[in-house]
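Same chain, two partners: subunit A is paired with subunit B first, then with subunit C.
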Partner chain A sequence: MPKVARLHAILWGVFSVGGFIAAFLLPVLIYIVGIAYPLGLWPISGQDPTTSILNHHHLGTLFLFVTVAGSLYHGIYRFQSTLTELGLARAKRALEALGYLIVIVGILAVAYYLLMLNPGVLSLP
Partner chain B sequence: MSKEKPFPEYRRKLGPGWWLANSHFTQYMIREWTSFFVAVFSLIYIYELSLFASGARADALNLLKNPGVIAFNVLALLFTLYHAFTWFYLIGKVQPIKMGKTTSKPWQALLVNIVLLLIVSFAVIEILVLR
Partner chain C sequence: MSQDIATIRVTRYRPEKDGKPYFQDYKVPYRKDMVVLDALNYIKANLDGTLTYRWSCRMGVCGSCGANVDGVPKLTCASFLHEFKGRTIKVEPLTHFPVIKDLVVNMDDFMHKLVEIKPWIIREKESPPEEGEYRQSAEELERYDQFSSCINCMLCYSACPVYGLNEKFLGPAATALAYRYIEDSRDQGKAVRFPIVHEIEGVWECTLVGECSVVCPKGVDPMLAIQKTKILGATNALKSLVMPRGGGK
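Moving on to the complex of A and B:
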């Protein structure tokens, strides 16, 4: 019976979902938060976009969590794999461990800060 | 089956610059490096959220207005869009859709997904920023 790498398959599946999130949701977040707001471009007029997004309690918080957590997982997972292809193959295990540590701490941090900013988000809309 | 291999396994040793040997490899490596910008933007934004959460909203907004951060964000947007467009093209290549006797082409998947990306982006702006 061949050995099935179930955990690897699950992690790769999550990575793939993160790729979709980074492709569909991250560009608009980078634009409104990192470019339109500091340069005063459309559609920003006055209030900073993070506050505007968080004003839509459940939807805004969900959008930020999914986009940031999904993109972080996808970015780190692929970047550590890229480093192994650039001559760091011997450090593969260490890079994977460091990568997953950053991902886990990062996702917990996003959840914690969003809960602090919107404490009522866990209640039903 | 014995674990011993009948013949020694030959693995070609690659140097750090192997991806410059061929334009396909170079494109592949540029695509892989988009992950650096995706990851670093996410980490910077998590730091932004930490400043918001700790009440240092002014510091968070000043950081966003730093010219170095703006330049990084412009690069991050370009690389993220490169990631998105190549991802959409790959979807069309990996999962072509059969419609009767014709099969969808990768560029059609790219086009459809770019339209979807624009719809999603405008929806986010309209619902979460402008309302």
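Moving on to the complex of A and C:
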């Protein structure tokens, strides 16, 4: 009897939302950090964009975390699809495991980094 | 009307005789209004009566004359010879299906999948005809209309690399047809179809290549049907997570 793959469905939902985030929020972050700030277009003098975002509001911390974590998860899910399309059945499991390890380390690292920069976020609201 | 000569390179394979498939070339005179299927019929009638292929309506409706024409899954009745002028036209059986003979492939797996998704209107309780029709508005029809245009030609399966790698994958046409009934306001069979389309080998295997929608000769967009079915699955799964009793049905 066929059975609904609920975990697959939820993971796909997260991937889908991650794609939305990667498409809409990541370009904003890249523009602020990679283009506007180095070219002197960032309007707040004496403070780098990341610090400004974190200092301004707790939502800034959330924005940075969601953007990086969502994009990383979207990336690994898409990487899995690419492995399927390439027909790498044998290497797929090992490469997937490696990819997920990188993503988990990346998400934990960004969470740690943001908490170190803005410890007040834990005492919300 | 003037005539040109086309070179048709056809895959030949007779399992009882041949160890493996091989190509055979035929010279076919053609006019501007002739299609690849006409060329195959010419070969069969005049050059080689042993050539085997499927066809029926010759007008893009029956879906039986699909083949790889010049490497692309197409209906041979809708592929004009003059479009390949100056080139040898390679005609091969649809990929990802076992070949029975020449251009004829075994459709059993596809037929099984079609039946599996229950392509008919399911009602919890059938009303007697005296109570009238199950009425539907134009907007309700619009939701599934394009998906009901599928002619089961299997070109989408031949174009799908995921089906080529995993034949358990439900695939484009069967999912599009399932979605056609899921979206039909008269249908009450979601509880029966969801486990079929939302199982691991159902829509989740799709990696969004999109070739199924590119090759469809009837303008059906199976990739869209798969994506919409995925959204339904993800929404239901989240609902069942948040509301374990009664959510996600």
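The working rule: the second predicted complex is superposed on the first by the 112 of 125 C-alpha atoms of A that agree within 3 Å, B and C clash if a C-alpha of one lies under 4 Å from a C-alpha of the other, contacts with A are read in each partner's own complex, and residues count from 1 in each chain.
One rule holds in what follows: a residue touches a chain if its C-beta (ideal position, glycine included) is under 8 Å from a C-beta of that chain, and two chains touch if they have at least 3 such contacts.
Values in this document were obtained by computation on a predicted structure and should not be read as measured data.
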| item | value |
| --- | --- |
| Contacts of A:8 with subunit B and subunit C, given as first, second, both or neither | second |
| Which of subunit B and subunit C A:84 touches, first, second, both or neither | second |
| Subunit B versus subunit C as contact partner of A:31, first or second or both or neither | first |
| Subunit B or subunit C, by number of subunit A residues touched | B |
| Common ground on subunit A, meaning residues reached by subunit C in one complex and by subunit B in the other | 81-82, 85, 87 |
| Residue ranges of subunit A touching subunit C (in the complex, touch as defined) | 1-10, 12-13, 16, 81-82, 84-85, 87, 89 |
| Residues of subunit B touching subunit A in the complex | 15-16, 19, 29, 32-33, 35-43, 45-46, 48-50, 52-53, 57, 60-61, 64-65, 69-70, 72-74, 76-77, 80-81, 83-84, 87-88, 113, 116-117, 120-121, 124-125, 127-131 |
| Complex contact set, residues of subunit A against subunit B | 19-20, 22-35, 37-39, 43-44, 48-53, 56, 59-60, 63-64, 68, 71-72, 74-79, 81-82, 85-87, 102, 106, 109-110, 112-114, 116-117 |
| Touching residues (chain side subunit C, partner subunit A) in the complex | 161-162, 165, 194-196, 198-200, 202, 204-205, 207-209, 230-231, 233-238, 240-241, 248 |
